[in-house]
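Several structures are given next for inspection.
Both complexes shown next keep chain A, but they swap its partner, so chain B is in the first and chain C is in the second.
The block that comes next holds the complex of A and B.
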């Protein structure tokens, strides 16, 4: 029985792992192959990477899309982490009835689908001139109930003795947050950073609506643009997809361990 | 007496500092979520373009009932929801409990592999699946090579198969994500419970049904709400995998709302009315899920 279970576990886990990785492997390999070879089903790396890269550069402004995506995502990550973590800390450490009420109202915002605010946001932002700007990209998603909750939960495990000791040492309330809370909660910050950066990088609907100028398009928009035209150059398209995927995969791999820890800490 | 007064002043001051810490986040959510939501409600009772919008009551909502594309989109979202979410959550639960087994080695490797799809952007994976299932794509090529097919199947050109591809793609992208939440939840369950159950002769299926699922209930509720929310807002897949086709057979509500607002001649009144329907559906379903989650 035990042996059978063990065999079944390994069999299922291996099969699912292979199925999970295969489309990504196929994408990466196809980026190095000629379109005809991709269609023929070639599954080993080829030598056409440079040609695909030249084709990609010719078709789209990859450099500017990369810079835009990095700028937007980094700014959103910094702003979101700062504002949501200080709010989560505030909710937990200075906890009272009034703040509990505010928190439950904020949680209602989780139920508001983005598409329901899309058009009013577009109208507001075009009126105040925020179209085509990084500020316009980041403003709607800096503060999210999910992230505030994540930090609130992790602040629960932050010992009150430390706060008292720091107060006696004469540290200001903001100083305690900045110098003690942030360094102690590194794994929560890493988890939050992974989530926010990935969401920012992958966001498609909102930049598609506000980034009207061609120089402002982001990586996902650029990759989607590669599909226009009747004949699709698979090698080139897959290279575009690869370039769009590498940053998030790298961030995830680097922060994977703290990501798991941060999530675990938050759900306790 | 004096010192008491001073300490009260101090606690009041701290309380105020607490509010200041919350302020930016609260203001942003009010300004970027609640305020636009109220404006959307107002806008949904108006029709017209630009400055020439006038109040027309429930006209937009009545129009929806006769809009075949909207009804199709609504149906599609629910179709994805009912088929895909249960399969994905069950699969994620099974995988998580397998990974939680103490006998299993290479846990990190399996976990990374299964979570990896979540690091791919939605547009990217939509395009990968579109290429895999294209008429001249990898799936057809392989099926012909092995001899299962004689002629390629037009996966994305047929309503049923196109929906199936979207569901497969969604399962591929999100199972690992949900699994991570379950794994985190499982860490809070004492492993000795499983060992005791095994000594008592409980089969793995029994352990799964009687221990894992009941103890993970809050986590299952959370992931069910998140998945419902996400499925009702599907956009990237509909746009980039099938472009809503063939003949709107796979279009989602968000995709149709986008088209109505920014591709056809803009009709913001009608679009916001449709988006408000999405909002109500999300809220009602979350409410029902929380209620049933409480009862059990």
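The block that comes next holds the complex of A and C.
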């Protein structure tokens, strides 16, 4: 009976995993096939990868899109992590009632969808001349209520005794944050980093609106450009999507363990 | 505390909703402000995309088609104006729409290019919502008489021209001659026929070859819209009100569609890729669409010589019914942010609206067909196509283009199209046609705020 139950469990789990992995598999396989074969539903790897790659390089400036995406995402991740973690730390460690209210208002801001703020943001950025720039890409999402909340929740489990001890030893407040809080909260940082990087990498609407020249396009914009023709080369599109997906997959796999720990708020 | 929080939450949601609504209504009222904001704003806008001088910035999509055509137009124009340069920014259509909406709604037009490409079905809608974006080209010297009238009409609003027609979407009926032969028919049996006759032949071909004549994306009313335009009709009346419930042509079109699905003459598939797959994989004997579908058909190199095309069937017993229609296509517009309108107009009128040589260059390598009628008479257009069994397809299509009746697209074209698509899907699944059309009209009226 127990064996049967176990078998059923594994059976369901295997089936669900296969279902989740299948689209990724199809994407990878299609990148090696001709467009006609992709449409015909060919599920085995082909020999057309190099041709697709040549076509992709010819049609789009992949190198520049990759560099732009990496530059924008890395800068947003670094700046976002620093600002949100300082905010989260501040909200929890220097806790008072006023800050609770501010935090509640911040959380309410999560309810306002980005599209609702798109036009005023565009107006502002256009006036101060930040269109077409990395800074313009970073600023609107440099601090998000969700991340502040994530850091605040983790700071809650951070032992206050350590802070007291550090203060007695003469460490400055910023020193405590920099030299004690950050190293202790590594897993939270890893989790936050995964989230910010993925969001930044996949962000489409905002860069599309503010990046006004071909040289500034990001990877998701490049993939969208591949889908505009009367005749779409699906092999090439799938290769484009694959190239666009790989960095986020790599980052997620590297930080997977810390991600799970960080989300559940563990302090070792 | 909880009460305060929930009140705050409701307030925030209400405020963002209100912001959306006022934003929408405020557009047309803001026209004057937008223009003045534009004039004042351009001086200190470093990201200004309109370059001035001898360079023009262009937004368009598809490197193999529109972008290629623009690059060739640049070369043609450079012969008489060697310093001329184009800065083409690849922008998919959805993004052109998003960017125009954002720029116009925020009152800052300085980010707009000099020239942009716009889908024909969206032209009137965009002009009516954002008139401040478009430059009036009526008296610019562009010869609109040399374009197919139905095509030029897409970018005419209140008798004024705002666009230069380009991409051709003339409706064609493409068929596999080898399959027709097996059933004892030729392409001529499909010329100038009605949908009733088409269904009759379709049944026979299906019985003899087990091949459906047509395929279509389920829920996409492309075919219905093509049938409507072949009678000069659309989903709107002249005054802009919806014309769905009492639209005889629409009722007849949905009936034809439903019959074809029931008889198995038309096979419905789930998405665009599958639709293309039906004819490239040879599971249907033909397709009816805008002439740009030629490019997709010709990807199946193994079917070379086995295709032919003719005009589309007409609706029986409907006044003004013809065998000519249109699906899709796009036109060039000049934005009000353009610093050198004279240059932009001169460029377009000497290339897209005045150079047969230009159209002769772009046709063989991109298949970019013109609605510029003089080009149809050129020798390049009269070249036989090997893929289509030696037929002079380009000359034929340009001839069809000149006979397409024009219709009204209006502001709510896409909304009405979607509503009719839903009605069509329900009717195919067995729902009552009359009540479905009533629902569709109510939906459109609701979206129009009536």
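Assume the second predicted complex is superposed on the first by the 257 of 268 C-alpha atoms of A that agree within 3 Å, B and C clash if a C-alpha of one lies under 4 Å from a C-alpha of the other, contacts with A are read in each partner's own complex, and residues count from 1 in each chain.
To be clear about the criterion, a residue touches a chain if its C-beta (ideal position, glycine included) is under 8 Å from a C-beta of that chain, and two chains touch if they have at least 3 such contacts.
All values derive from a computational prediction rather than experimental measurement.
When the two structures are aligned on the shared chain, A:12 is found in touch with chain B, with no touch to chain C.
By the document's definition of touching, both partners, chain B and chain C, reach A:205.
By the touch criterion defined above, A:39 reaches both chain B and chain C. Taking chain A as the reference chain, the count of touched residues is higher for B when chain B and chain C are set side by side.
After overlaying the two complexes on the shared chain, residue contacts for A:214 are found with chain C alone; chain B is out of touch.
In the superposition on chain A, the residues of chain A contacted by chain B and by chain C overlap at 39-40, 109, 111-113, 116, 118-120, 122-123, 205, 208-209, 224, 227, 234. Those residues of chain C that touch chain A in the shared complex are 5, 8-9, 12-13, 16, 19-20, 23, 41, 44-47, 49, 61-65, 88-90, 92-95, 98-99, 102-103, 105-108, 110-111, 273-274, 276-277, 280-281, 292-293, 295-296, 299-300.
Residue ranges of chain B in contact with chain A, taken from their complex: 14-15, 17-22, 24-26, 28-29, 32-37, 39-40, 43, 91, 94-95, 98-99, 101, 103-104, 109-125, 127-132, 134, 136-138, 141-142, 145, 172, 175-176, 180-181, 183-185, 187-188, 203-204, 219, 229, 232-233, 235-236, 239-240, 253-254, 257-258, 261-262, 268, 271-272, 275-276, 278-279, 282-283, 286. If you check the complex, the residues on chain A that touch chain C are 35-36, 39-40, 59, 104-105, 108-109, 111-113, 116, 118-120, 122-123, 126-127, 129, 131-132, 205, 208-209, 212-214, 217, 224-225, 227-231, 234.
The residues of chain A lying in touch with chain B in their complex are 1-2, 5-6, 9-10, 12-14, 16-21, 23-24, 26-27, 30, 38-41, 83-84, 86-87, 89-91, 93-96, 99, 102, 106, 109-124, 139-145, 148, 173-174, 177, 198, 201-202, 204-205, 208-209, 219-221, 223-224, 226-227, 232, 234, 237-238, 241, 244-245, 248-249, 251-253, 256, 260, 263-264, 267-268.
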